[in-house]
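Two complexes, one shared chain (chain A), two partners (chain B, chain C).
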Partner chain A sequence: MLRLYAGAARMSILDQLQYRTANYLYMIGMIAEPVIYLVVWSTVAESEGGTVGGYSAGALAAYYIVWTLVRNMNIVLTPYAWEWRIKDGQLSGELLKPIHPIHRDLGGFAGWKIVTILYWLPIAAILVWLFPPAFSTDTFSVLAFVVALWGGFLVRFMLLWALGLVTFWTTRVGAIFDVFFTVELLASGRLVPLSLMPPWAQTAADWLPFQWAFQFPIETLIGRLSRAEILRGLGMQAFWTLVGIGILTLVWPMAVKRYSAVGG
Partner chain B sequence: MSIFRLAAAHWRVNALNELQYRVNLVVQLFQSLIALGTGLIGLSLVFRQTDDLAGWSRPELLAVMGVHLLMGGIIQAVVQPNMQRLMGDVQNGLFDYSLVKPVDAQALSSVRELRIWQVVDVFVGAAVLAVAVAQLDARVGVGQALWFVMALVLGALSIYSFWLILTTGVFWIIRIENIVELFQGVYQAGRWPVGIYPPWLRGGLTFLVPVAFAVTVPSEAMTGRLTPQTMALAFGVAVGLMAAARGVWRLGVRRYGGASA
Partner chain C sequence: MTDPLPAVWARDLAKTFRVPEREAGVLAAVKSLVHRRMKDVAAVKGVTFRLEPGEIVGFLGPNGAGKTTTLKMLAGLLHPTAGQAAVLGHVPWKRERALLSRITLVMGNRNQMQWDLPALDSFALNAAIYRLPPAEFARTRDELIELMGVGELVTKPVRNLSLGERMKMEFIASLLHRPQVLFLDEPTIGLDVTAQRTLRQFVAEYNRRTGATVLLTSHYMADVTALCRRVIVIHHGSLLYDGDLAGLGEQFAAYKTLGVTLDGTDGAAAGVDWAAFGEVVATDGAKVTIQVPRASASAVAARVLSELQVADLTIEDPPIDEVIARVFAAGAATAAAATDGDDVATPSVVEPAATSTA
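After this line comes the complex of A and B, so read on.
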């Protein structure tokens, strides 16, 4: 199994290393979003005496710079991919193989993430130069960040893989996914750090998995969490990963039964 | 054949085609409302913390959001589909068919596609703008409305020219589909008035990617902040970009060797 993962990851790495321009254009397009948020909230902070929601302009810069890495780590198999996989009929081939297709997906994406991190470093350097961040960190936080970063990836990967299986039952999945992603945008810390949301929204977000894939890794690195909170967060990541795995283990056999391939 | 007749002919066919799928109207409306909702949430989060953002009040920012949606609808309905098709045609060797037609290839490539359901965004944006103007308590006279329309037209032409210059890169680089995402990312910056961005970014959003002229300037027209100098600048930039786009286009077509030679 380890060889399978290593193989899938290696293929993905070699593949992605060829598409440097495409990857960079994609990543640069993605920093527009956090830069906009950062500028808006820094402006608010400035006009409100230096901080907003417990974040100074420097802290906001730190938040949104690490945001760019976490955002990239959060990109997993889109639930829309299933529509294509089912219509294409390629799924039949995958189903004939003795291993669950998720392993190839996971290995492939993990490999891509390694390349992503590499590509991100120069972007981060430029962002740090443009928007000086203010944060404090120690070895424990950095190590915890590395774990939390991959933990966040796993949480989102499992949940979205499971979500995509809805496609086996209906083709009109756009609305479901749109709602999912909108809730995630608000509850994950992607639009704003959760401390800037109204209290009822923060409570609601605590029941949802999204912040553990996004805000938690960011705050781990920039030193806003105590050790106890970091450990609790890692535990929550493990919990939600298991929930995702549980859902897809239950649903996958049902999905396969429903599946009828195009042309055989 | 005048460019307007050309556009009308293509658009009629496109519209007739799309109108068969009326469910798509509901889908588009749903998506537009979600985008609107997210935007409104963002605005209200900001205004929970402060009363104005770099001198712009809440109704004024709402107006900016309305113009952003409206212009976004125009871009998604008319500009982007044509540019994406042009990229695809050059990559697949179909561009030759555009070249041999008896109309100007640039005109043809720029007006033949229309995604009619994206026009929903234009209406949603206009509605938001109307609400914002009502909240502003400003009486919008005919003169101001005319300035607004002119600013919109100039902004749209600037964005189109910019898109065309980028897309013409396909004659050299071939695989540039990711430019679409890049543009969409940068266009999001237009949701807020460009005045809030640091000077270097503001310059980029004005002269590099003309988002300022597409969104902020029309918003200024509607909220009474527009100065004649800005309008003149908008006019100059639009004309300049259109000339540049035409020049780059001709360079690109000259370089284009044809698909089957």
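After this line comes the complex of A and C, so read on.
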């Protein structure tokens, strides 16, 4: 299995290296979103005496700079891809292989993330120069961040892969996915750090998986979490990953059965 | 002595799809919101056959006959509505690893290769997927590359290859794990004659070297005549014929073609009453081609030889394409006459041995 993961990751790395310019342009385009958030919230912080929701301008800069990496790490197989996979017949090819297709996907996306990190480093350097961040981190937090970064990737990968299986039952999946992504945008810390949200929204977010894939890795690195909170966060990532695995274990055989009943 | 286990068998294998149906127009669209009308479409209506180990069998039929559906059931991609089947002793739709590691399905219009990378990289990934030992993988890969004659192409990105070259890579990628059963669904579709010939030779050689069983669908009769001694013909989901390719003509072509070249000038044929011998289908200078009933072909040929100054005489079955067209036409007529398709004749169908694990 390790050989398969290494092989899929290698293929993905080679593939992504073919598209250096496109990848860079894509990442640069993605930076517009956090820069807007950063400018808005920095202005709010200054108008409120230097901090907002416990974030100084420097802390906000740190948040949104790490945001750019986590956002890129969070890009996984879109659930919309399933429609194409089924219609195009790609799924048939994958089902003919003596291995669950998730392994190849996971290995492939993990390989892509290695390229993503390499591409991100110069972008991060420019952002640090433009928006000086305030980190208050330590070795433990840095090491925990590495784990949390990949943990966040795994949580989102599993959840979106599972969500995509809805496609096996209905072709009108866009509306379902849109609701999912809207809730995720609000409850993950992507739009705004959750501490800036109303208390009820923070409570609701606690019951959802999204912040563990997004805000938790960011806060781990920028030094806003205690060791206990970091360990709890890693535990929550493991929990939600297991939930994703559980859903897949339950739903995948039904999805394949349905596919084999209606054809592809 | 008992018969060896068949590599593939199917008994009364059937697949019916349930599809939504509505008429065109806004009113029909609104109606379908309230009441969605469904229709059962029987793609395969209970086919029975068996393939012996090492056989290459042509699976013929017009578009929509049920060929691909049958192949997908045998490859484990579709669950049948009724019937049984086994491939290498496994029920295909259980999709056991032990089976998937020993079969392949190559579809002419599909491609599993990584578009932007050389084929060698896709081969390496397949080796990991099938858990091939590195030395065995390298040996098989090099053998298949050499057999296909594509040594200089495997290092080029797949996107830079022609359709035929990509199909050659697809074949190699699909055979790296040395499958014992190959389901080939129109593998030469859209390819030029040279590429078609290369792939045919490749399949024949792979079969000779490994003893693999091959079930091939193709609309190119050259594929079938080059590779298959036996053919199975399916139409409207029912088997019409299962037997020797040569026997197809005997069963479905009621006539033979006589090619008669007379001694003398180009005009020599003009003064002959050819209608007395048979139906003239072509005239080319001194050569005349006539159709005669199959049963009287020998007698007519003898009369031609005794009554005319003949330089050359040939007696041939009609071209296989024409025979197949007649088979399909017969199938269409039978299906139209039948109410449920169950009464379509299935000559020469061999019952599978009752030794499966199904």
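Here is the rule we go by: the second predicted complex is superposed on the first by the 259 of 264 C-alpha atoms of A that agree within 3 Å, B and C clash if a C-alpha of one lies under 4 Å from a C-alpha of the other, contacts with A are read in each partner's own complex, and residues count from 1 in each chain.
Simple rule for what comes next: a residue touches a chain if its C-beta (ideal position, glycine included) is under 8 Å from a C-beta of that chain, and two chains touch if they have at least 3 such contacts.
Please read these numbers as outputs of a predicted model, since none were measured by experiment.
S.K.: Putting chain B and chain C onto chain A via the overlay, clash or fit?
M.R.: Verdict on chain A: chain B and chain C fit.
S.K.: Touch check for A:Pro98: first (chain B), second (chain C), both, or neither?
M.R.: After superposition on chain A, A:Pro98 lies in contact with chain C alone.
S.K.: Looking at the overlay, what does A:Leu242 touch: chain B (first), chain C (second), both, or neither?
M.R.: Neither partner.
S.K.: Taking the superposition as given, does A:Ala6 touch the first partner, chain B, the second, chain C, both, or neither?
M.R.: Only chain C; A:Ala6 stays clear of chain B.
S.K.: Check whether A:Val256 is in contact with chain B, with chain C, with both or with neither, and answer first, second, both or neither.
M.R.: second
S.K.: Roughly what angle, nearest 10 degrees, sits at the C-alpha centre of chain A between those of chain B and chain C?
M.R.: Placing chain A at the corner, the angle measures out to 90 degrees.
S.K.: Mind working out whether A:Ala125 is in touch with chain B, chain C, both or neither, as first, second, both or neither?
M.R.: A:Ala125: touches no partner chain.
S.K.: For A:Ala22 in the superposed arrangement: first (chain B), second (chain C), both or neither?
M.R.: So A:Ala22 only meets chain B here.
S.K.: Now for A:Ala175: first (chain B), second (chain C), both, or neither, which partner does it touch?
M.R.: first
S.K.: Can you work out, in whole Å, how close the C-alpha atoms of chain B and chain C get once everything is superposed?
M.R.: Shortest inter-chain C-alpha distance (chain B to chain C): 9 Å.
S.K.: What residues on chain A touch chain B, complex-wise?
M.R.: 21-22, 25-26, 28-33, 35-36, 39-41, 43-44, 47-48, 52-53, 174-175, 178-179, 182, 185-186, 191-192, 196-198
S.K.: Residue numbers of chain B touching chain A in their complex, please.
M.R.: Its residues touching chain A are 27, 30-31, 34, 37-38, 41-42, 45-46, 48-50, 52-54, 175-176, 178-179, 181-186, 188-189, 191-192, 196-198, 201.
S.K.: In their complex, what parts of chain C are in touch with chain A?
M.R.: 17-18, 69, 72, 75-79, 93, 95, 97, 100-101, 103-105, 107, 109-110, 112, 114, 116-117, 121-122, 124-125, 127-131, 157
S.K.: How about chain A: which of its residues touch chain C in the complex?
M.R.: Going through chain A, the ones touching chain C are 3-4, 6-8, 10-11, 14-15, 18-19, 89-90, 92-93, 95-99, 104, 256-257, 259-264.
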